[in-house]
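Here come two complexes built around subunit A, the first alongside subunit B, the second alongside subunit C.
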Partner chain A sequence: MDARLRRVNKEITDCKNDKASNVQIELIDNSPFHLKGTFQGPEDTPYEGGCFDVDIVIPEAYPFQPVKMKFITKVYHPNVSSASGAICLDILKDAWSPVLTLKSTLISLQSLLCSPEPNDPQDAEVAKHYMTSKQSFNDTARYWTHIYAGGPEVSGAVKGSKVTQDDAEQDEIAMAGLEKAHVDQFESLGFPRSKVIEVLRRLNYRGANVAKINEDRVVEELLK
Partner chain B sequence: MQLPFEPPASGPGTSSEPANASRPPIVVNENTDISQLSQAQLYDLNQNLLDDAVPDQPLIGPLTSMSTLRAEYKEGSRSFVDQIDYLISQGYVSIRRARGDGDCFYRSLAFGFIENLLNSPQTDVAVAIATSLLESTVPMLEEAGFQELVFEDFYEVLLSLIQQIDTPEPGGTTLTSEILLEAFQSPEVSNSVVVYLRLVASAQIRNNPKEYAPFLFHPEIGEPMDTREFCEHFVEAVGKEADHVQMTALTRALKMSVNVAYLDGRSHTGKVDFVEFRDPDSQLENNPPITLLYRPGHYDILDERTAEAL
Partner chain C sequence: MPETQRASLVDKNACEAVRREEWEVLESIFPDFLSNDTYTAEGRIELVVPVELTEGPSRKVVIVPPDEQAQQDSSRTDCSIQPSLSLTTLPPITLVLILPLDYPLHRPPIISGLHATCGWLSTEKLKLLERTLLSVWEVEQEQGGGEGRAILYDWVEMIRSAESCLGMLGMMTDDDFAGSHPCRIKHPVPALLAERLMSFDAKTRLERFSQTNYACEVCLSSIKGAKCISLACGHVFCKACLVDFWGLCISEGDVDRVGCPDPGCVKQGTKASEEDVRRVVDSEEVTRWKWLKEKKELEKDPTIVHCPMGFCQHPVKKPMQVENGSGWERLRTCAACGYSFCAYCRRTWHGPHTNCPITFSEEFVVKYMGLEEASEEKIMLQRRFGKGNLEKLVRQFEEDKANRDWLDKSTMACPGCGVRTEKSMGCNHMTCGKCSQHFCYRCGEKLLVSDPYGHFSRKGHPCYQKLFDFESVQDDWQPVEGLDF
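And then the complex of A and B:
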């Protein structure tokens, strides 16, 4: 049996026998080299109560080469691409060591959710949001956890969205981490809502940044 | 042990890996502003450069004459040529090259260690001493907190290579220089041995923090580092070069005698400084020391025998 298979088998068995770590590994298809990892969002973070799935691919030269991991569950986090789930974490790249296992790597992902590294982002827009307003970022991350990871309902809804005449539209704004009043303001000028959301998100129209961004600049972007 | 999977009938490596949904490839030309690339793109770029820089150089090469190394410096620095001539005059007529992948110190040392045992006048004694030494590293690794499942495969590879010196493999032969070289050129065997030595070095540092902590500095920014962090990032991680601390730790843990010749082109006299690593309790003292050649950022093995004499 080749070294990679022997090692992966041992790791899966070890993970099954360890009930304390709260990390699960299971098959995605019939290959032992394509797996799904699952863990709970850490307590006291906006990810609390969510359940996060990770796609795991064991490369040919494992364990001498790092395992490939990306989030299947959508996550709002500076070091995770909100579109593809790609993860920026040193141990998945040049700090990999064969002493790391699937279980310990998943636990590292769990810790990454506790401690974002906005200075080494995977998703630049999310990182900007995090740097601009921690509060607003947390609201959005919590909302994503609720929508995608089965986390608890966000109490009192997201900031600035108390009026709930149209849930779908509310979602869209909360998803983007924006305030309803801001979206309404530019929508009332005749721009389509989705375009307004896209531009405001790109401009990081949040918190203290709002005062720094001239309305004309927003309109200019909307007209492009 | 009941394993969850049997090997796939089609052999390893045939699983269809999903396309890596990551970044588009970077095209670098004279208009590229490196400062505009993201961390992730820089990482990819660097990996590509590294891959290009390490083409088909074997992990460990055959014994070749020092004159080939001399020829490479002939157009360059005179002081390097003088130092190479000095080494030849001291009897180091041959060099065995290791691939420049950041693992070269560990790989060279491991090869030299096993080759020394193989050439020992009393191989049975040498193998017995080396085996008990190696066995003593298992509790060491456990004490350092490594899970058995992460190191047992690597341990077995190294142990079976050493035992093959005296005990033929089932249906095979005992170890020869050729078989040893072939083993070290096979990535799976070679890298298993490298990783095991990294873990031994790390365990030695982790288990004796008072002794090593004052010498643990970040290799790039020079700041003091926490023992665990240093070991994770600069001892256990794949491809991270060894510095004096790792070399001291490893040679002590395995009670090795190692000489390192510093070929740095800085000597005015053309001489080469040798740094000696000795373990006070070495039991393999009858064996000649393993001699490595250091050039900035890289290690190879020096040998007093010619390729023809092998």
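And then the complex of A and C:
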């Protein structure tokens, strides 16, 4: 179908010529059907300052079938799988229209970062975190943006006060959106740190939830 | 040369220059209205000027017979029974003019012919129009101290715009433009004129549409309207793109997507009208589209059984008003091919009281396949049932088995309607395309519409934290060909 090639080429050229929008598209392996889209994290969100890469695969029947997109850059967001980068967005499924372009779809992804839909989550754990404590969620999302998307250094609470020798471990705690004090508390009982992080993250041991989760319950999980 | 004669020669030269200039102006602004291609000194000009009712969508026109003229004022409501049309353009008024040598300074143009195409203006109205046009020149002459000026451009503008043209003919009052009062045309045979006006309007619209360039948002090119289609919702796309889009949807059986490609229309789920579908795809595809739509509608009914005739496969409904348990509830008669069959065993109808003939069970086929070639028992079975029949059964069994294996391995049945679904990507929360049931693709359990994701966060459940399957297909172990130990 050379109509597909013509349209994709046009879209790539249009995107190159449009200096005003901050969405870029480039070829991944010299095929116009496997591309990489890049956009900036939206302002006034934890993703601000980050640069997000999206893997784009143009299906055979494009533009009559939706384009396949997933995040290459790791993103901490309720509608994006933190492990695979898969995206839950209606226009990538049933609401796709042949009028939508790579650029408009990337812009939709950008605005998805502005407005998470925790009730239709792609990543249940992240969604729970978002619902429990918006502040803590934002800190973690900002930290991920810093680590993976080249966002600005995170100041304050997340990066603890005495960060010197065990920087890497500190990272792990912030990455999971947990608090160092909580991890230390259970680690001191003799559990391996990574296990503690895994369990606390799974239990959503954050914000108001901490008071609701019995310590015995955590230990029980740790012993499993 | 006498003084007066010289003066009139100078005058005539001046007139000639103004006339030429006027012609050039008309030619550059209204080239479509001029019948003659080049300027001629004799000064015969034919102007064909359509009357544009609106710039916008359309305007109401009512046609009344002339004898109603007297009662017109007393019975305004009567217009509702007269043809009321929505038009954008009225057929052109043709002006045949002869420009005297001393036009425009001393004499007005001579109107040698004036008529309206389709005869939508009565002789009386045409006379009024002629008088009005001429009076415009006379007023100019008076104001210009005895010298007239080139008037044709003004005339064209006066006729072209419905406000001034119908206004000066008293066919539309000022408040018509503010309110919804239609413009009124008198004609002895309203129905006939209505038909002519409609067909002229349609032709004009079509011409205008085909000459305009449209940006097709699917192929992202600018395309002449002649190669475009304006859908019922008003969105315009190039025909080639719609042919590809709808053709693909129809061939893949995705009838619900046969609609306007505009994102707004897609979100609303607007489906294409039959008229639009006919304008886009060929008759074979239209037939398939209609068939698919019908099938989809029928399949909402769980009692549907498909006709077992291989060439037919028509969905057959359960007969109405049949008592359950009477045996008759098994009877189905295909509306398409007339085949009557039993809904249980899918064989030719065997009456309400006879049990379904014993089908060659899976067990039987497996047993037959397991028998040694040329063994006594096998030969006996072959004699009894016919070798060909048995071979056919074996083929059918193997095919069914392969089908079933594939279905079990690669698909999940919707717990609502049983339709098989194959997932290519995305999360395990599925919504059935047919019955809208939410279900888990991993285990086939029904999910709550209010909390479909709760299923994946229920601890201890095999699907806990399995909204996504992360293993990639490429990692699956594949036997290496040629490495057969």
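Just so it is clear, the second predicted complex is superposed on the first by the 215 of 224 C-alpha atoms of A that agree within 3 Å, B and C clash if a C-alpha of one lies under 4 Å from a C-alpha of the other, contacts with A are read in each partner's own complex, and residues count from 1 in each chain.
Heads up, the rule we're going with is that contacts are C-beta pairs under 8 Å (C-beta built on N, C-alpha and C of every residue); 3 or more make two chains touch, one makes a residue touch a chain.
These numbers were taken from a predicted model, which means no experiment stands behind them.
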item	value
Three-chain arrangement built on subunit A, subunit B and subunit C clash or fit	clash
Touched partner set for A:A20, first subunit B, second subunit C, both or neither	neither
First (subunit B), second (subunit C), both or neither touched by A:D55	first
Broader residue contact with subunit A after superposition on the shared chain, subunit B or subunit C	B
First (subunit B), second (subunit C), both or neither touched by A:A86	both
Subunit B versus subunit C as contact partner of A:S97, first or second or both or neither	both
Partner chain in contact with A:L5 - subunit B first, subunit C second, else both or neither	first
Touched partner set for A:F33, first subunit B, second subunit C, both or neither	first
Superposition clash, subunit C versus subunit B, among 311-319, 401-409 or 473-481	311-319
Contact residues common to both interfaces of subunit A (with subunit B and with subunit C)	1, 3, 6-7, 10-11, 14, 61, 63-64, 68, 84, 86, 88, 93, 95-101, 121-122, 124
Residues of subunit A touching subunit C in the complex	1, 3, 6-7, 10-11, 14, 61, 63-64, 68, 81, 83-84, 86, 88, 91, 93, 95-101, 121-125, 127-128
Contact set on subunit C toward subunit A in their complex	217-221, 240-241, 244-245, 248-249, 261-263, 265-267, 425-427, 453, 456-457, 465, 467-468, 470
Contact footprint of subunit A on subunit B as seen in their complex	1, 3-5, 7-8, 12-13, 15-18, 20-23, 38-40, 43, 146-147, 149-151, 153-154, 187-188, 191-192, 195, 198-199, 232-233, 236-239
Contacting residues of subunit A [partner subunit B, same complex]	1-14, 31-34, 55, 57, 59-61, 63-65, 68, 70, 84-86, 88, 93-101, 120-122, 124
